[in-house]
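Listed next: structures, encoded as structure tokens.
Two complexes are shown next, each including chain A; its partner changes from chain B in the first to chain C in the second.
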Partner chain A sequence: MKINIKYFGMIAETAGKNEEILEVDEGIFARELKARQIKTYQIADPESVQLAVNQNLNTEVELKEGDEVAFLPPFAGG
Partner chain B sequence: MMRYDRQIKLDEVGFSGQEKLKNSSVLIVGVGGLGCPAAQYLVGAGVGRIGLMDHDRVSLSNLHRQVLFDESDVGKSKAVVGKEKLQTLNSEVEIEDYQEALTIDNAETLFQQYDIIMDGTDNFETKYLINDACILTEKPWIYASIYKHEGQLSVFNYKNGPSYRCLFPKTTQQNISCEATGVLGVTPGILGMLQATEVLKIILETGNVLSGKLKLINILSGTGEVMNIQQRPEEIEKIRNNGIIPVKIECELKDKSKTFLDIREVFEQPKVASENVIQIPLSKLDERIWEIPKEEEVLVFCKEGKRSKKLVDLLKAEYGFENLKNVEGGIKTIIDG
Partner chain C sequence: MDKKKPKKVFMQGAIPPEKIAKSIANHQSKTNIGAHSIFLGQVRADEIDCKTVSAIDYSAYEEMAEQVFHEIREDAFSKFDITCAHIYHSLGEVKTGELCLFVFTSSAHRKIAIEACNYFVEEIKAKVPIFGKEIFEDQTHQWKVNK
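For the complex of A and B:
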């Protein structure tokens, strides 16, 4: 199934893109997708990164076809 | 009241709303890229009392985004100059200046004197400090932060809503400021004004306050979206129970995913005890070298970072440890907020 991923902040820079569509297995949880992408792009400080699935911050959900997953790092500039 | 005529004409404001503004107080922590525009519009709108807190001075590289200041202000206190300038915009507003940094010691006392706290800071330590002090004093706060062309905005601790720790329970070591990454002046300008907008909505009790929501803005792509934040009651409870938790301790030694090696001698202070800290005094290292893991990254520290640096280099050269990393500055950089 296809999942739409959006990257924010420095993660977008690390990944070299703001979004991508990924083909993943049925039954994958958001946290598993997170672990996979953290490895793929060597994202720093993974524990600080939060995920929003269809605009809801939560990693404990099973993903479904067409879901939108946002990778949100904390940043503090001002 | 002629001064406020154009906003009083609005149904959402009216004379009663103007009275609410006059009877309200806002503390702006950090009078920089976010704090300046917010302060200008809040003073313009007639918020009764405004606190300006900043320990920093105006520098030339501030002027492209902190347009409250001008060239003649360079080198002067932001809080003091900010007050002078804003007072000429609206003499009816009572403005207090605080030429000091927000600390664990002054935060709660200060917050008690204001209705709403506005975050104009540029670092994680102070954002967590504001969060914790707001939980303890039961004040809402308006959060914003920027990374290059992106901004995040939310209102925390509003009517028992989620806190910053509900959004980001774990912080990061990557404390990157606008000074370091670069930023267009308009970006903090836009975010600061959105923060001021949230302040006005809270005071006027109108519209949808961004509580439980994280607004994301990208000024380059012109896109924006809003995410829903889930409350994590345990993150709020732990502050109510323990008081302010300085964030550097939390993200370093308390981060169980990291392994530390403390090579200080047994008499050296302060002592740290945690399951992820291996303690092998340098004098005993010869006989206990086998205790150092080789598979995972190990952060090696001493008092000031000199002995640990030597040791990391030695263990790498002589014993093939590729996984050791020196903690520069020693124990202080791990536990000081």
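For the complex of A and C:
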């Protein structure tokens, strides 16, 4: 199944891209995708990375075809 | 009415000081208001390892950020007896000394306006997916993290 991935801030800079579509196995959890992408792109300080699945912060969710998963570095608004 | 409308928060570049004056003027017809509280975030020329910040380039996960701003507004209106609330945040480059955040709350009395304004600022800093690239005078950069 296909998952739409978005990268922001420092993570986009490290990955060298703002988004990509990944083909993944059915039944994968958000936290598994997080671990996989952190390894792929050697993303620094993985503890600080938050995932939003369809705009909700949650890694304990099973991904579905067409989900949008955003990799978010620490927030810096204001 | 005021609290239900989804509002556009982001604007490109620095928030002009004239916008703050205009917002104040726009509330002079609302005579049930007795107090306004305003927070203005300004980009600071931090010095890090002998290099000085000259600007912050803001980006955001805009769709999620607009949704989170909306939720913060809904929470604020349920917690505080405010008349109205306005939030503006910059995207793109904002130079040191320029404004990047404008929060404006109004109420019948000062305590509520001040508490609500503070609530908005803390919630925005903690919950909204906004990212800041601190650009130094020599054009190198580092990524800002809220404390």
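Note that the second predicted complex is superposed on the first by the 74 of 78 C-alpha atoms of A that agree within 3 Å, B and C clash if a C-alpha of one lies under 4 Å from a C-alpha of the other, contacts with A are read in each partner's own complex, and residues count from 1 in each chain.
The definition used in the following text is that a contact is a pair of C-beta atoms (placed from the backbone, for glycine too) under 8 Å apart; a residue touches a chain by one contact, two chains touch by 3 or more.
Values in this document were obtained by computation on a predicted structure and should not be read as measured data.
Contact with neither chain B nor chain C is seen for A:G16 once the two complexes are overlaid on the shared chain.
In the superposed model, A:A44 makes contact with chain B only, not with chain C. When the two structures are aligned on the shared chain, A:N58 is found in touch with chain B, with no touch to chain C.
With both complexes superposed, B is the one of chain B and chain C in contact with more chain A residues.
Touching of chain A by both chain B and chain C, each in its own complex, is seen for residues 8-10, 48, 52, 55, 70, 72-78.
Looking at the complex, you find that chain C touches chain A at residues 41, 58-61, 63-64, 67, 89, 100-101, 121, 124-133, 143-146. Touching chain C in their complex are the following residues of chain A: 6, 8-10, 13, 48, 52, 55, 70, 72-78. The part of chain B that touches chain A in the complex is made up of residues 30, 32-35, 119-124, 127, 144-148, 150, 152, 167-168, 170-178, 181, 183, 188, 191, 214, 216, 221, 225-230, 255, 257.
The residues of chain A lying in touch with chain B in their complex are 8-10, 18, 44-45, 47-48, 50, 52, 55-58, 70, 72-78.
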